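Common to both upcoming complexes is subunit A, partnered first by subunit B, then by subunit C.
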Partner chain A sequence: MLSIIRTLWDVFLHAFRKRVTIQYPEQKAYLSARYRGRIILSRDPEGGERCVACYLCAVACPVDCIALQATEDSTGRRYPEFFRINFSRCIFCGYCEEACPTYAIQLTPDIEMGEYSRQNMVYEKEHLLISGPGKYPDYNFWRVAGVKIGGKDKGQAEREAPPTDLRSLLP
Partner chain B sequence: MATVYIDDKPYTADPAQNMLFTSLTLGFNLPYFCWHPAMGSVGACRQCAVKQFRDENDTRGKLVMACMTPAADGTRIAIHDPDATKFRAGVIEGLMTNHPHDCPVCDEGGECHLQDMTVMTGHDYRRYPYDKRTFRNQYLGPFVNQEMNRCIQCYRCVRFYREYAGGRDFNSFALRDLVFFGRHKDGVLENEFSGNLVEVCPTGVFTDATLKHHYTRKWDLQFAPSICTHCGLGCNTSPGERYGMLRRIVNRYNGEVNGYFLCDRGRYGYECVNSPQRIRQPLLRREGVAQPVSRAEALRAARELLAGKQNVIGIGSPRASLEANFALRTLVGPDHFFAGMADDEHRLLTKMIQVLRSTPARTPSLREIEQCDAVLVLGEDPTNFAPRLALALRQSVRQQPFAATDKMRIPRWLDHAVREAVQDDKGPLFIASTHATRLDDIAARTFRAAPTDIARLGFAVARALDTSAPATSMSGEAVALAAQIAQALKTAHRPLIIAGGGLNSESVIEAAANVARALDTVGKEARLSFTVPECNSMGLALMGAAPLSAAFAAVKDADAVIVLENDLGRHMPQPALREFFERAFHVIALDCLTNATTERAELVLPAGTFAESDGTLVSSEGRAQRFFQVFVPSGDIQESWRWLCDLGALRENSEMADWKELDDVIIALSNAIPALAGIVNAAPFSGLRLAGEKVPREPHRYSGRTAMHANINVSEPKPPDDPDSPLSFSMEGFPDQPPSALIPFFWTPGWNSIQSTNFYQKEIAGPLRGGDPGARLIESGASDGSGYFIRVPQAFAPREGEWLVVPAYHIFGSDEQSLHSAAIAEVAPKPYIAMNPEDAVLLALRPESLAEVKVDGSSYRVQVRVRPDMPKGIAALLVGVPPVVGVHLPAWGTLQPAQLPVEGGPERAA
Partner chain C sequence: MISPYPAVTLIAVLFGALTIAGGLVWAERRLLALWQDRYGPNRVGPFGLMQTLADMIKLFFKEDWVPPFADKWVFIMAPAIVMFTVLMSFVVVPFAPGIIISDLNIAVLFFLGMSSLGVYSIVLAGWASDNKYALLGGMRAAAQMLSYEVFMGLSLMGTVLLAGSFDLVDIVNAQRHMWFVVPQFLGFVLFMIAGIAETRRLPFDLPESESELVAGFHSEYSGMKFGMFFVGEYIGILLVSSMITVLFFGGWRGPVLPPIVWYFIKTCFFLGFFILLRAALPRPRFDQLMAWGWKLMLPLSLANLLVTGAVKLAFFH
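Coming up: the complex of A and B.
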């Protein structure tokens, strides 16, 4: 009996507490920059596509919702011919971002992805690719990797000596 | 057997081996780079360091290289010793100081031995703050792509290319940490086995250049155990598919057949599966115009052609599986089934089988060929006709010098020391051929002559071995050569005679048989190997059916003709082909690629290639091997035997009505044809389950299952069923090692590269666990007393105004299907005729000019190659490259300068 009265009293007191419910969608919740929401593909500081189609995100994905195909431009720069994420399967675990060696794939705090048709949850590269570098403004994989692409010859990457002269006999 | 101690535990080991071999055989994870199971130890990379102890009381020990330490009795090593572990990590750290940080864009990534070893030793962070050395890459042709920055200087590539495969145009350049591996300048790698560099290189310096065009990681490919269809040797391959497209082929180890290596035709011929020439829909020809039709319409048209018709004939194919040929035979009846090869080819194969069964000589596997210590090649050009055989022969000439190094007590695995001791010493290899071969550099003696003279040489060798063999009269020089060959074969432990289908000469087969028989008479166990033209020539010949001429005769009264996976234009000359189609009103063709036959057939049904069907092929060794479907093709493509079952239903064939899966066909086939009863042992039946599960075709890391097809439909389709095999189109299933015939790909925890093969073998470089796959169908009987062949051919006599045109083959081009592969087509030669300089002068033909060759009722306009290696009176015509197909050689023909000059050739200057 006493406990019932006490419970009623507690409920009554709650009516005067500060409200935590927010009026979504008129009012937006704060989500930190590291929140794991909609996935995007970013660009390097020079505006080029960061993704090099290495397939690591796809293999890291526990629900196998990423599919892509690598291709190369005429200068040897590799990029995805298509890049598809099936968001109706994605569990936003962030493993793809963790696996990405070029900071191309990133999770954003955007969570508003509701659709009436499940088919609309399939995002292709044109839906995923943004125009900026996202959370990592400075990194450019191609400046570090020792392969030749358009605009960067052998020996021009970070910490690289000029190409070896095979005809030289100097020790 | 010796007892060795690894980490203080006793193990039995082969004392003739080294400790790296022993450790890997026992399943230890010991890193290595420069050692290769097929190439032995050189101790160059210092990666397999272990600590060796004198005895159980020794606590200090010393660091040694496991690959250079014999597994002598009482050897004690520690793999997990802290000093050894640290040393190995240090070696990797050193190698990685120059590594270019490009794994994400490296084609080796995910199957990289360097990656695996780096992870195994625990190295993860580059402490070295200085610059990395860099190299410029070379263009090495359409097969191999080079990225030299990734090199770790293990020297495996140059050891394989120069020492194992006998290539000359590849070497190491420059010095110290700047050593470069490549050619002296950009250019296509000349060696026919260059593609193996992709697998030999432990990192991404050499990668598959064809894979680069449609790159997919190993973990994303769907594999199946398969058999190469580009020659008769039956090498085991592992093709990989992604998104409905065949992406690449890698070697599938079979200790008895191909071992670790494939030829470039086998490795890069796969692109024919993706060719734009593929037939993907049934085609119905009405009033001369072929229209793509639906499956239902095609079957309706077939019903009109076949239902109720009594006289339907079937033409089989030496490149179709046994099951497909048998289905056709069952559909039309054995009397109406024809073998689909030309008469001379058919006669030759029948003769080969007869010889192999009646001569007391074993038909050796490729591994046995590698171990033969005296070889006589009669009339063959192995590099171009049965390429992988040439690589085996290169190893066979090493056998005899081993006797000397054994005496010096140099273990055979100590590769560099053995090669230093042997120098250029080679065992006896005698090549009798119509023109120079790519093996002449290792031959003790070569003999270039007309086919009949080659046969006569064979007869003379037999006579020199055994005087009861028929005699020939030959020039003194040839008699001396025959005596030398006879002596070499007689003193060898494992003599081998190679002949075959290349020269199209029955007497050469008979001569080879006589040599084998004579060797048996003098108490030598001879080996006799015949090469055959296509992947299932031997199987089709074992089925026993009449050749094309009989089909040709029967076609006039036939209501309809069904041609199975066979371009008749490649087996009969053009005029005969025209006549055939004039006689045959209703032709149904089943094939995968457009060809002269499908372009004339009334109804064309799209057949699956080797990658889209299952079946059994019989190799030239007589080994029946099963290949399995790699992927389910789109559209109406299905296995030939399934199409034939559909046609059988139209004809209400009661026998075929019961065939629901491949096993039904195999069982019916083995019951119907006793010679092929053994094919049931080629691979397990489809009912096999391991721990209740099927064998997955996909690696367990296969990605993208829920996104691959999401652009078409977000709801994932059900994985396709496979009623025909114990394999599943899935990443789920039995996770451990399957029976050897069912291994789709090699993978072991920690070993993602092809080096994981080590853990599938009973002992390194030995048979796979459970025995190497395949079932031998032909075993040599004891001598049946039929004695020697006595029909010695007449000596070759040149004719005035006529030339004996003999066939020449090229590894890239002479095979029908691989020519549809872009990379192969790029290096395939144009049709040519080769002749002696004196003959060329006589005919007023200049090198590179065009000649008109009239032979076997056809006329060809081909380029002239003047070659001093050609015997006089003989001209070698490159066959198999369109338009020179279907011509029966050797035959007498005439040559004359063609009317039109070659554009831009020397003609213009003249």
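Coming up: the complex of A and C.
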């Protein structure tokens, strides 16, 4: 009986506590930089697309919401011909970001993507690509990878040893 | 002491009760939120006051569905009964001198009778739904409301003994010098517990108990038929708060302010207390509820009645 009265009093005292609600459209909650929200495709510091269309994100995706098609430009750089994310399927698990070898696909702290039409939830490459490098400002895959592309031969990447001359017998 | 324009009083009481019940839905959600450190509905209109209106519009546009397996006419009648009985009880509530629809000389008995009839609504709703959860809810309601009615009536008898009348206006007038809550404190506590059980409010909402029985007796109800149960429950709370005010807290009596304002303040206090009970207390097990009713409340109310009678006979005869 006493515990009931005690409970009533304790609950009543909550009337004078601070309310925890964040009044959403006016106030916004702080989302950390690592928050897993809307997915973007970033560019390298030189402005080129980072994505090399390796399909690892599409493979890693547990709900199969990523679709893309690889192609190559005239310099030999691979890039996606189209890159499509169906956000009405996406569960924002971040596995695509983990799988990505070039830091191209990244999740951002943006959650305001409500739409009236389901079709509008399908984002194409032009919706996904941003103009900057995202979370990794200095990383440039094509500058560190030992892959030959137009304007950069084997051995010219950062910290890459010159290629071995297979025809030479010298050690 | 009936007003010269009974029709005006009738319409005022009807609209007043329904409006306050609607406002109570809003007030309950806001107060629960306050005690849970939230805001509650605060978007529709100033302070969210129009929330109930928005809910009503939503309920009206819902499909008015009767399950094919239900007993159709009983299913439709059941929500009307609860509204009818609760609104009928307001006939005898004296709000202020002259603001009473019918000054019955057996008003207390009329109130008890109407609240007993209210059980039919719940039981029939549970029965007509032809759904095991609804039926379980209806059965619980029947057992709970019948057992708690027994000592609800008995707990009032002390007040009736002191006032010497079943007439609610006489009872209020008899509290000229002292509110009956002082000599009848036990009766007040018992009546309040019985009142919560009668309105099926949260510590005693076993007929509904959404964590066990889906929604209990109104599992199959939707749209405005559900709305009738909902509004019926809130008018029931208003009724029980009014009765506590009238029977134990001197009704409209109070200094300075006009009588109707005093009546309103006191009733609002108990409405708030009912909501606090809902915010704070968990629901007991059904056997605990029944054991409480028969083994604790009933003997206490009988003892209260006996002592009151003895004191009245010995000192005031």
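Quick note on the criterion: the second predicted complex is superposed on the first by the 156 of 171 C-alpha atoms of A that agree within 3 Å, B and C clash if a C-alpha of one lies under 4 Å from a C-alpha of the other, contacts with A are read in each partner's own complex, and residues count from 1 in each chain.
We adopt the following convention: a residue touches a chain if its C-beta (ideal position, glycine included) is under 8 Å from a C-beta of that chain, and two chains touch if they have at least 3 such contacts.
Please read all numbers here as calculations on a predicted model, not as lab measurements.
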Combined model on subunit A where subunit B meets subunit C, clash or fit: fit
Partner chain in contact with A:A15 - subunit B first, subunit C second, else both or neither: second
Subunit B versus subunit C as contact partner of A:C65, first or second or both or neither: first
Cα-centre angle that subunit B and subunit C span when viewed from subunit A, reported as a multiple of 10 degrees: 120
Superposed model, subunit A: greater residue contact from subunit B or subunit C: B
Touched partner set for A:N140, first subunit B, second subunit C, both or neither: neither
Minimal inter-chain CA distance - subunit C and subunit B, angstrom: 27
Subunit A contact footprint on subunit B (complex, rising order): 100-105, 109-110, 129-137, 147, 149, 173-176, 178, 180, 212, 214-217, 219-220, 243, 701-708, 710-711, 713-715
Complex contact set, residues of subunit A against subunit C: 4, 7-8, 10-12, 14-15, 17-21, 23
In the complex, subunit A residues that touch subunit B: 52-56, 58-59, 61, 63-72, 78, 84-86, 88-89, 101-102, 118-119, 121-122, 124, 141, 144-148, 154-155, 157, 159-164, 166, 168-169, 171
In the complex with subunit A, residue positions of subunit C that touch it: 34-39, 276-277, 279-281
